[in-house]
Amino acid sequence: MITIAIIVGMHLVGIAMLLSLWRLLRGPTAPDRILALDTLYVSSIAQLILFGMLMNTEIYFEAALVIAMLGFVGTVVLSKYVIRRDIVE
Amino acid sequence: MLELLLALPFALALVVALSANASRRTVACLAGLVPLLGLGVLAFLAGDVFDGTILKTQYAWIPEAGLDFSLRMDGLAWTFALMVLGIGGLVVLYGHYYLSAKDSPRRFFTYLLLFMGAMLGMVIAGNLLLLAVFWELTSISSFLLIGFWSHRQDARQGARMALTITGMGGLALLGGVLLIGRIVGSYDLDVVLASGDLIRASHLYPWALGLVLLGIFTKSAQFPFHFWLPHAMAAPTPVSAYLHSATMVKAGVFLLARLHPALAGTDLFFYVVSGVGATTLVMGAWFAIFQHDLKGLLAYSTISHLGLITLLFGLSTEMAVVAGLFHILNHAMFKASLFMAAGIIDHETGTRDMRRLGNLRRLMPMTSALAIVASLAMAGIPLLNGFLSKEMFFAEALEIGGHGTMRWVISIAALLAGVFGIAYSLRFVHDTFFGRGPRALDVVPHEPPRWMRIPVGVLAILCLVIGIIPALTVGPLLHTMARGTLGAATPEFSLSVWHGINLPLMMSVASLVFGVLLYFGLRKLLDFHAVVTRSTGRQVFQVNLERLFSLARAFTARVANGSLQRSLFGLLLVALVLAGWPLLGNFAELIANGPGPRPLPVMGWMIWAVIVASSIGTVVVHGKRLTALIVIGGVGLAVSLMFVYLSAPDLALTQLLVEMVTIALMMMALNYLPKQSKSTRRPLRKFRDVAISIVAGGGLGALAYAMMVSPADTISNELLVRSLPEAYGRNVVNVILVDFRGFDTFGEITVFGTAALVVHALLRWARLKPDEVMPGPPVHLPIAADLTQLLFPLALTVSIYLFLRGHNAPGGGFIAGLVFAVPVLVKYVLQGARAVEATFGFDYLRGIGVGLLLAVIGGVGSWWFDVPFLTSGHLDVELPLIGLLPLASALVFDTGVYVVVFAGTLLMLSTMGTVKQRQAAEEAH
Amino acid sequence: MNHIAIAPVLVPLVTGAILLLLERTHRASVLRMWAWIGMAALLVTNVALLREVLDGDTVVYLLGDWPARLGIALVVDRLSALMVTTTTLLAIPCLLYACAGWDKRALHFHALFQVQLAGLNGAFLTGDVFNLFVFFEVMLIASYGLLLSGARGARIKAGMHYVVFNIAASTVFLLALGLLYGMLGTLNMAEMAVRVAALGPDQALLVRAGAGLLLLVFCAKAALLPLYLWLPEAYARAPAAVAALFTIMTKVGLYAVLRIYTLVFGSEAGLLADFAWPWLLPAGAATMVLAALGVVGAPRLRIGVAYLVLLSAGTLFVAFSLGNAGAISAGLYYLPQSVFVTAALFLLADIIQRHRGGTGDYLMPIASMPGKTVPALLFLVAAVSVSGLPPLSGFIGKLQLLNSVPEDVIGWVWAAILGSSLMAVIGLSRSGTRLFWRVDPVAEGVEAPPLRRSELAATMLLLGYGIVMTVFAGPILRYTEATAAQLLAPSEMIERVIGETPVLREPSR
Amino acid sequence: MTTRQPFMRRFLPSIPQSLTVFVFWLLMAEDYSPGNIVMALILAWLMPQLAARLEREFAQLGRLRGIWTLIGRLLWDILIANLTVAKQVLGPNHKLHSQFVWVPLDLTNIHGISALTSVITLTPGTVSAELSEDRKHLLIHCLSTDDPQALVAEIKTRYEAPLREVFP
Amino acid sequence: MELAIASAIGVLAASGVYLLLRARTFDVILGLTLLSYATNLLIFSSGRPVVGKPPVLKDGLAETLANYTDPLPQALVLTAIVIAFAMTAVTVVIAMREHSDLHTDHVDGEEPDEEQRGGRR
Amino acid sequence: MSTILDAILAFLLVVGCFFTLLGAIALLKLRDFFQRVHGPAKASTLGVGCILFASIVYHWVNGSGVHPRELLITVFLFLTAPISAHLMSRAALSLMDDRPPHPDRLPDAQQKVVDDEDPAPPERQ
């Protein structure tokens, strides 16, 4: 049962990713796309954790940790660009 | 002795070149030493040579190429050396007085001696390749001599023309010589000369002959390559006197004589050589009549006489060869003296234009007398040397056997040339020394210094003496020369002025009569002075050369137009050809043999969808740059996910981190780039690009597919097995990076650190103009900045964790270094570069250096244990309280990686973050 | 254990790192001193390296003490040693020239210079294809820096073209390596050779696609016919000392072609035996012709010299693809001398450019440069040598090459070689006369900036190499002939590399 | 006493941070051996030092009594409000009454303000968008509200007040 | 699986090639980035990828390719990623300098004539 | 292993995935940026939090040991999500033509010099 739940979960998260992809491609504004990318990052963490559960391994922990810790860097940089164009003033 | 003879000119050329403070006289004396000493050497050798001995010396130079430094002297070589040195000596003497105060004698005599040396070397070379070497050296040194007055355009042009034509000939000759070498198996002159039958029988013979003849004809100014010679008259007269009488142009006919036993004796040889010679003979003589320039006339006359000599060698009978050799000697004498006389006239009157000259016999009687003697020799008047060889020529022309038509043609050509020869000689004498004039001169001409006249005198007297008593004077010499050329086939001949009344004599008389008639008849018919002759050869050459230059310019500019797109397109096209070629038509078979494709779970397809969609999305929105960057971020993420999914967590981590830093770099750059791509209105180009992209992508996909479904046999199994016991790591990828293939990583961090240096070097001193400056003061993001406060130490902790764990779990120096750098980047963005730089205070540049050194130390440490670079050691340290501490030497290496990556990343970011901006006001300056 | 094989990489790298540490705080003279110390050390190691291989030994150095197929092995044979020596000899005058002042105007010059040397040497010494890629990149990144440090305007533009083209080529390199690893399962050249020889027909096709892409990459770096467009501008715009150093860069591509397509895809490669050479011969000849046209049509001396570099690349392609020992030997003799002489011409062009004021090295008919005697003489020597006129080294190389052309292709190959020589003569004689032979009475009195001694010395040194190569052509040709023989018998090297046992570890299990 | 404080500041710039790092390391390494505890201690000492090079001032905490109730309240709110938002998101779009609201701030400590914006953002239905330049007002966006003033009041009492204690 | 990877490589490569052939520096850089993804995937795929068998050794699991994926291509890709990043950084900076020095972001450092004319029309 | 635990785990997972999906749906469906940002900013965060929690328990139960370190991921997520949301909102605001007017913006408020520094922390008692 739990395996099924994991697989179902992975598909749900996968759909979430595809939805984010849609927003990423459609926009219309830059912040929309940034948001979509950010969401894609967060969904990826979920995906990694689920995958780790499915494989019964901890090997994907580091990847998930790094995405969680630094996934927002892209968001920070892109947003700062929209705000000021010069991201490092 | 031969080495000494050859070394003389080169050694003294060097001495002269270096004698910076020597007086003009000293320089001339030094230069004069060469012919003087050289003639001494010749005299010393004369006995042996006249006895028929062939003197040889040989040193190995490049035995691999068959190129030996071997010198060889026989009668032919001796005689030519005599001419080179003898006339060379006179030219040195003459030249000393000829050069004006503005001309540098040092330079002049250096060139002259170099040329003399090259000529000597060519003459006494005992190896055909060596001969070709000296042959080209004469071309190069004559180029310098002809262009001696480099401020004059005609000199520059003439020199280049001569170099181009004779250089081309030299290359052809080289080819010919190589072919001969291929046939004979040696370049040794003795061997080659003895292998005439072998050569003539070879299927390569026509090619070898053609190439050698091309060299000869260009050098000896034979039709259709004759035109460079008149233009070489831009040289100072001593040069002309030397190059165009005894040396440079004689090199061609020398070679014709030299190789006569090896090449002559076939119909091909006969027709080509005598045909070209006859054409040149007549044409040169005809054009000589219409020259107004003294030296121009002499130049065409030279062409004509060289044609004569060539023709004689073409006839190939032994006596013809003797006649040719004889004429070489005679022509050298009278032509050298004539050139020098022309030079004196030029020197004294300031002009060489016969239309302004005339009646000089009154002003400079001595010179005139000598010149007239030489001219008569040139015309072939009896009792002068020219007559003798011309008579022999007529005789030989009439005796051509076996070639019915050729006999008539050549006889008529001989007669015509005789007539023309009389006519232009007459013009030379008449227009210069007789008649009215001189006109419109700036000076009153008078006799030149005595020493300038002496060389002319010596030669003119020689013409007379030989003309009167040939057998006693030149007889033995000619005999030796002929024996050197023909060897055993040398005919018996006697030289005498009077052979009785025979057909040749009749021809001489006829040509004298018709020549005089022609000259005066032409004078009656048309105004000589108004005739402008154009050298069509030169025209053609010039036009073609210009065409070549403009074609080359246009073509090069058109092809290598600096277009990057073209370069890349070419690259792609070749890639498609090379990679697609083997697959074409074979693809189905390729994929049939493997284990076959495996299914991919839906999850994988979802990630696939993100990759594909955002990749195409990037292309669609690429014009809007910010958008494109965001969308491409999706590609990066999805590729990382694909890596994770397909069992590559290390890859995913690295990809993600690099992605973040890349986006940051690009955003920084975007500030200085236009926000949008200009749309290009070239639908055709777009269509082409779409097409080739699809082909390229499809091709690569197909290759990848075929590869993946074919069976694999890799060494990786062994890597897996040996990783833990021998390299002490569970994360085999990291073990490969720091151990198995640590050297790759070593190079990789060098690349990385260097890239940071390059970025730094490009931006440090630059001032850039932002594409758009937002109004107002810098924006502060206090909340975001504050929230990252805790993130930083935690990120640091994670970085250390990833670093230490890397050998056994995903991580390692590279990933850890980036994990360290990225939060600093966030600090840069949120707090501003200045604030971070002020407080953080790392010297990133040194960091790169330190990191690289650490990596080296980590690798070199193994030398202590006498094992190769980068061999990992393993040490378990037992510490009190703490317990067992496992240390792998790879850790030191990985620390180096860590430091380089951290410092390099931050150097890039901080450099880009602190770019000095250029204001619009500065722009105006 | 003898570690000499790795020294040519480590010495410059350590020197570079030390220079980087000193850079901020020390004066130029200190940096120069260290650069020269590094150079001296490199020269010493180079001599030691040459001695190792002179008698035909192949040195195999197993990095990390792993058997060659598992790790990375450095392989030093005569060819590698020749290339490394050429690099070192070239680097000395380049550094000398740069120390006349450019090193102060280009940020990080010394460090980049050393990294460049490390990259070149690494590429020449490695016996592993992926490691070759890595060292290509080391070399390239340093070259980007050397080209662009202190650059502005037009040079930046040239740099853009150069960099992007090379990155694209490097991408193809990786693709090729991916394919080759995927099919052969190893990256060690010797091991690859063994596996290539045993390929079945289907797999051979895919490997051939990969090998074709690899060939493309090397040809792009070596600037072969359709792939040479990047070269003229980049070389003509580079700072003199850098352009001079770059003359060896195209030779790296040539080296790689020679190495891999004799060792891995050479005569003993089964279905793929010698598949590359028939493509390369006509391309090389065509490159020669186009390059010669470029020499003739060049508006500036430096562009002309850049085309001369191209011409030498074409010549070498012809030499190598003829495939017989004589031709390869001729090419190997021709290679270093063409590097030296074109480098000398780049330096000379720079000297001329500075002394002709605003006209630079444009081949416009203006007043000749003041103080021209020595440069003119050097130019003459260089021109004679580079166009293959006797008696200098260029001639000897071409002579040997002409000698080794087999009879079935003799016509057009000779035509290409001799024809391109003639065009070079035409182009260079025009350049020379325009640069040195025009005396404008007005310009004569103008005081010229003094010629810097070290710059002239650097040029003379380069030309001096050529003269030494001329005089000692015999022994050098013997060395290159032995090299060619070694290359044409790859099985010896393959056995040597595969058979090399680690010091401590077990060989392969 | 006056000389000790700068020393302490230099030696241990931020005790909360040191603690966090210590716990963090042990959790992450999943190794509670003496050796690793020593390592954690070293890091706990070292990391804030490094961080201090980048920070002007670390957050200083006041009374921590309220923080646990705050966290509990926050978690509960997140859970409950998420359900509300779920309903709103899945419902028809036109029923949403989104608007911006300015929240006047009594908090002056920037760390407190930061914490508040985080909390506001993490609780569903509201996102903090901007802090006014004088740092006296916070602009928040509500997904759907009909009574902005009530919302402001709730934020001030539920979150701001306890935060003022933690960040005096 | 092979089909998915191969087609992803194909699409990435095609997109990359198209952008690489554009005339603007930034587009070219994007193209290179996409191409390097394609390259990395291709090298990666040379190890015949499998799902969920990362090459980190576990106790009790025999060290063969049956239990672990091929680690070597991964190491190669890592190196390739890093080098590609270094190259991208340099290219980006050159693009900045080119735009600043030559006032155009055309890859050839100058606007082609026809496009300028087209723009004016 | 008890089915109850299984069920709880499954429930946690489904809830987590549901919220993750919900965030994405919000992203897709809602009208403008400020509405959309509500979804991912917390629904997704919560969702991932649930999944992480489930994962910890799962690994624990499945015998691969207690790995509380996955909590750290949650910590980071909760730490960074507000920063992202805040910055994106600022970005969106900076693009808006009709930004919400400041409630008590005085004519001279604009001339107020904005301090570069963070306000000095109060002295310690």
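Quick notes on this one:
To keep things simple, chains are lettered A, B, C, D, E and F as they appear, and every chain counts its residues starting from 1.
The rule is short, and it goes like this: a residue touches a chain if its C-beta (ideal position, glycine included) is under 8 Å from a C-beta of that chain, and two chains touch if they have at least 3 such contacts.
Note that the structure is a prediction, hence the values are computed from the model and not measured.
The minimum number of touch steps separating subunit A from subunit E is 1. Contact with both subunit B and subunit E is made by A, C. Using mean Cα coordinates as chain centres, the one most removed from subunit F is B. Averaging the CA coordinates per chain and comparing them to the mean over all protein CA atoms picks out C as nearest. One inter-chain figure worth recording: subunit E and subunit F are separated by 32 Å, centre to centre, where each centre is the mean of the chain's CA atoms. Chain centres here are Cα means. That of subunit A falls 12 Å from that of subunit F.
Distance from the subunit A centre to the subunit B centre is 61 Å, each centre being the mean of its Cα atoms. Subunit D has its Cα centroid 23 Å from the Cα centroid of subunit A.
Residue positions of subunit D touching 2 or more other chains, listed in rising order: 24, 28, 56, 110, 117-118, 128, 135.
Shown for subunit A are the residues in touch with two or more other chains, namely 15, 17, 30, 34, 36, 51, 57, 59, 65, 69, 71, 76, 78, 80, 82-83.
Contacts with at least two other chains are made by residues 130, 134, 137, 141, 144, 148, 151, 157, 160-161, 164, 168, 175, 178-179, 181-182 of subunit C. Contacts between chains, counted with the stated touch criterion, involve the pairs A-B, A-E, A-F, B-C, B-D, B-E, B-F, C-E, D-F. Interface residues of subunit B, counted against subunit C in their complex, comprise 60-67, 129, 132-137, 139-140, 143-144, 147, 150-151, 156, 159-160, 163-164, 167-168, 170-172, 174-175, 178, 181, 545, 548-557, 559-560, 562-564, 566-568, 570-571, 573-575, 578-583, 586, 589-590, 593, 700, 703, 706-708, 710, 712-716, 718-719, 721-722, 726, 739-744, 747-748, 750-751, 754-755, 757-758, 760-762, 764-765, 843, 845-846, 848-850, 852-853, 856, 860, 862-863, 866-872.
On the subunit E side of its complex with subunit A, the touching residues are 52, 54, 56. Looking at the complex, you find that subunit B touches subunit F at residues 777, 780-784, 786-788, 790-791, 794.
Residues of subunit A touching subunit F in their complex: 1-2, 4-6, 8-9, 12-13, 15-17, 19-20, 22-23, 29-32, 34-36, 38-39, 42-43, 45-46, 49-50, 52-53, 56-58, 61, 64-65, 68-69, 71-72, 75-76, 78-80, 82-83. Within the complex formed with subunit E, the residues of subunit A that make contact are 51, 54-55, 57, 59.
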